[in-house]
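After this come two complexes, each holding chain A, first together with chain B and then together with chain C.
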Partner chain A sequence: MADSATERRRSGSVAETAGPAAGGEASGGETSPGRGSSPGNGTPPDAAAGARSALRRSRRLRLALQAGVLVVVLLAWWLVTAVQLVPPLYLPSPGAVWHAFVQANTCRPIAEGLSRTVCGEQNYYLWEHLVASLQRIGVGVGAAIVLGLVAGFLLGSSRWLQVAFEPYLNFLRALPPLGYIGLLIVWLGIGDTSKFVLLFLAAFPPIVIATIQGVAGVSEDRVNAARALGASRGQIARFVVLPSSLPNIFSGVRIAAGFAWTTVVAAELNNGIPGIGGLAYLSGTQLNTPLTIACIITIGLVAVALDAIIVRLGRLLVPWQGKA
Partner chain B sequence: MPRTTPLPWRRALAAAVVLGTAVVATGCVESGRTVHPDAVQAVPECPVDPDPSIETTARIAWQAIPNGDLVVKDLQMLETCMPNADISWSKFDSGGDVVQAFGAGSVDVGLVGSSPAVRAVSPPLDIDLRITWIQDVIGAAESLIVRDDSITSLRGLEGKRVAVPFGSTAHYSLLSALREAGIDGSVDLINLSPDKMLAAWQRGEIDAAWVWDPTLSELKDSGQVILTSADTAASGHPTFDMSAAPADFVAQNPDFMRMWTAVQDDAAQRLAGGDDAAIESVAVQLGVSPDVVRSQTEGLTYLSAREQAGPEYFGGALGEVLEDTSGFLLDVRETDGVAPAETYLQMPYPDAIEEVAAR
Partner chain C sequence: MSRPAQHTGDAEGGRPPWAGATDSGASAAGAASAGSAETRPTESADPRSPGAADPRSPGAADAPARNEATPTRELVLDRISHHYVTDAGNVVHAVEETSLQIPAGQFVCVVGPSGCGKTTLLKMLAGFLAPSGGEARYGSEVITGPSHQRGVVFQQANLYPWLTIRGNVELGPRFRRVPRRERAERTDRLLEMVGLPQFAGAKPYELSGGMQQRAQIARVLANQPDVVLMDEPFGALDALTRERLQADLLRIQRQRRQTVFFITHSVEEAVFLGDRVLVMSPRPGRIVLDERVDLASTYGPEVGAEMKSTPEFIEIRDRVAGAIQVG
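And then the complex of A and B:
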């Protein structure tokens, strides 16, 4: 705990310094407890200890607040369903959703006293649906990171390339995935390829744009200093430009991963089993709303967790951020 | 320079490796699974004498509709009766998807409604399909349900708004009924998929719907059924769920088709007789309780090979029903045109059914 707090203080959060690209879309979820309390090296030990305990207190307060809100929301949900304000088909009770979640992860006899069982939903456990979606996102976003970095570096280091291709990038970024999934199916079939490509297309532009910003934002002085010390072009790219643009790249990856989650249901509308987006959609068409809500909550929680992992990874990789 | 702080890099790398292996280790969830490996399965059985000489490769498209196909699949009848054949099952969500797969040549036998089947052989698709079996005759499973209690007959729907999924068997039944009553011009039809109907119904945006389960059951709470597909079938416009296969597959694999028909015949007879084990098989395949399946099967009629070979179906009238359906599909703009009459008249493939019926 203490270690992570120090880590946080040292590096700041990616969102804070992410630049304009991260501002609107990716600010959710990340709060920095260390904000405002940054004891430098010269702080006396007493003051440092005081700051630490203040930090602990504020962290406890934060947790209590978040837990409180969660309890209130759950209570309100339970109350609305308990007094039958809305039909259970529209809003099932928390208990029904939990039951759907458990049932989707276990085997059950189809009726009491019968030996035959069915397992999960659509012959996959819920976690298997989730893993299938994660694999698709992994492939799509992974390819977007690799190609996006290359494209971003190229565009970022050449003004003319940037002038030539940036409009297309913005065009691609503005397209809603649901609009062109039909086209991808005609081109690539209903298999996994069209899903990979859709997720790639969703994740690619934010990464490229963030990388361009990162590369363009490297201070001239640093480049010149390295050059004055005799660094080659490759060395400058590897030791100056890449580290300096990493914070931007990470915020780009964060946005891309978030966008991939919003795209995954569109990707899995057709032939999306196994896949948690496909299951959410299919259960909706079958009026199995408890399962739909269970899927949505799972998607939300996993997306938040994934985002936290990316933030964490960013801190590990860019420990110098906020210090220079 | 990063060289001076190697630790975070290494830690990050370790984290990435752990994360990656976690996904890979739990991962590789294969797609297209039709039975969960953890589930307790039925004992495979073959209702007739197995024939090891059949070595056909058959890719079968199935849908979650309570009929004999699910019994055949659940009891692994095809696999047991033809131990040397290569059978694979893929699930499809609608007849339209199966037709698409037929067009792409990726399915050999598939379950489709009569409307999608006819659409497949009509322009612009022009897929040469044969109907090999009637899985069920649709009865009360698809029904016309109205919100207003005071409407008790079709005539009461004049000037009202009726929802139906366009191009479906329910659409065909609805149009046939309206034409019969002579009011097909004065009813407002809107295209709505079943899952969207409930909300429109609750808001009063539609006055009636011709639909199937689970939406039909939900609507029954606040509406009443005034007509079913059994009624339109009785007046000469039946709708079916049927199995279809490309003409050349049928021609090249007569032995396979005979065995396939024999096990379908057995499954249909079990369902028609309300056999508990058969109901249980369907329930397992659909993932619902046997009681639900039992009530669903009451809205469908299952025909044995002997019944199907009769003049009402493969013995004569089926081709004409299909031709009639093609005219309907053209009227509602689901097809670009109508193929020559003989295209539809030659669709039924009676050979295997007659052989099985003669046993």
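And then the complex of A and C:
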């Protein structure tokens, strides 16, 4: 009975060994320092503090490395343009891109000395273009998450459904969005509907496939344990299968969101203003390369930030990943 | 539905007969098997009841008397067999026609070499696996699927990492819509019983293997099952933890006399825990020895680890070990 003392000690050592493991995980992104603490807190405080400071040190080192590379890249860019190695039309200087970025977010006189002003680009500020695109991605990916989860659950729990429909899923996954946007416009018009549908079709397959893998991968014992506890089918789906497949679902959503960004330009090729993809494309056709590059960098940064948010959300909702 | 013979001193008078469980699930079960409404005294007055031996769980000993009834239905394997076809097209006979009767309240241990069909047998009793021939019955009901009345303890704790220990333990009652208050009360009592009250809020992966296994046992007992099927529950534990959990299990089982079907690799464990030890042959699995263990009648109810060095224990152990053929 009273072996909890020894077991607590052991759980302490487990917490200790979990320290470096958490550090390994941290290389993927960030860590919350208090995470390693367990209720059986057997880790000596100085050891924990040491591990934490080592973690902080390695994180600082990583940041420094990344900042260093960024500086080198920017310098090289600036140098190439400063010595006119490439004509500015092909590669504008960092300063020109920054100017385009600022101009796209502010109002300016139509011409020198005039009081009438023009604001942003194509009558919208850059952030308004960005928000418009984010909304489209939100609708498309959001619908893909809802329907993808349902479809993934159905296909994952029925072998026959999976056999019947998986080929179509792989077919859809392989299609380049640029290829069928024209068709969608013919079917659904040039408004937002065709854009939503395009983004949905791009985001749907990765989510379904990941969900199928998650659902099919739930261990039999886990399900049997619930059945023997008196769970109904619905309860098993809700209490066992769904949480079990959450890690897979999150990686599916991540891939889908990334794919949606690559698709947003295709979606906004026609009638895509406001929209950051549309603006990038339009400015390119107008040879406004600084603005194109400003749009591209904005898209990239926002995509990275969104991805980081999804990863963090995943950590928050699936704290057991890699531990059980 | 005859009352099974029991070899313990359960005839202690004075306890009120079972007057209906408060648990909705259990009462539904009682109604389903009209025969089981027969009353029998509870066992908490059993001198063996080791509640006293464990001062840390004062609530545990009197709990069964409050709202739990002693199980009355027997488990029957009626010429049951199981075979399956491998990917290569070969038919494998996992279990050969086997018949077995387990009276309510008996602690049955099954030993045998790996792959002899012990787990297949358990899965058929649990209702996870349909037999190829014959049937398994619980009382008069043919087993066709899992039920909360037949709890299953797996070798791996299988706790759900997205729930706390408390969340895991109260999962069964939650599935069966036991009112929140009763659920909480029951969970508290069980966590106390298995010695994990201070870990109620912990996540399973923060616990050691032995503690996880205790939590799993508590989770199964939270449903107040009449039958507990255990598939090498202590197989992955170190010797010390294992011995402690064995003692805990015996103590718990003697409080309420659940029927236990316990699979193990260890002959010593089987003879120590079981009222009855079954030996299975290598595949196709058959029962080759059915040994009754009744050391309590010689050595009294206070059995502990020291029992393992008595001549009777050694004799039975050797007989069981001799019957095991390695396949």
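Note that the second predicted complex is superposed on the first by the 281 of 324 C-alpha atoms of A that agree within 3 Å, B and C clash if a C-alpha of one lies under 4 Å from a C-alpha of the other, contacts with A are read in each partner's own complex, and residues count from 1 in each chain.
To be clear about the criterion, contacts are C-beta pairs under 8 Å (C-beta built on N, C-alpha and C of every residue); 3 or more make two chains touch, one makes a residue touch a chain.
Quick caveat: nothing in here was measured; it's all calculated off a predicted structure.
Looking at the shared chain after the overlay, A:243 reaches both chain B and chain C.
Of the two partner chains placed around the shared chain by superposition, chain B is the only one that A:128 touches, whereas chain C remains out of contact. By the document's definition of touching, of the two partners only chain B reaches A:192; chain C does not. Of the two partner chains placed by the overlay, only chain C lies in contact with A:230; chain B stays clear of it.
Using the contact criterion defined above for the overlaid structures, shared-chain residue A:222 touches chain C, although it does not reach chain B.
Chain A residues 239, 243, 319-320 lie at the interface with chain B in one structure and with chain C in the other. Contact residues of chain A toward chain B in the complex are 89, 107, 110-111, 114-125, 127-129, 131-132, 134-135, 138, 189, 192, 239, 243, 273-274, 282, 284-287, 309, 312-313, 316-317, 319-320.
Across the interface of their complex, chain A is touched by residues 25, 54, 56, 126-128, 145-148, 150-152, 154, 156, 158-162, 171-172, 175-176, 195-196, 198-199, 201-208, 210-211, 219-220, 223, 240-241, 244, 247-248 of chain C. Touching chain A in their complex are the following residues of chain B: 1-2, 5, 8-9, 11-12, 15-16, 19, 23, 26-29, 31, 33-36, 38-42, 91, 93, 104, 193-195, 198, 214-215, 218, 280, 283-284, 287-291. Chain contact summary for the complex, chain A toward chain C: residues 1-4, 6-7, 10-11, 14-15, 38-40, 219, 221-222, 224-232, 235, 239-240, 243, 246, 318-320, 323-324.
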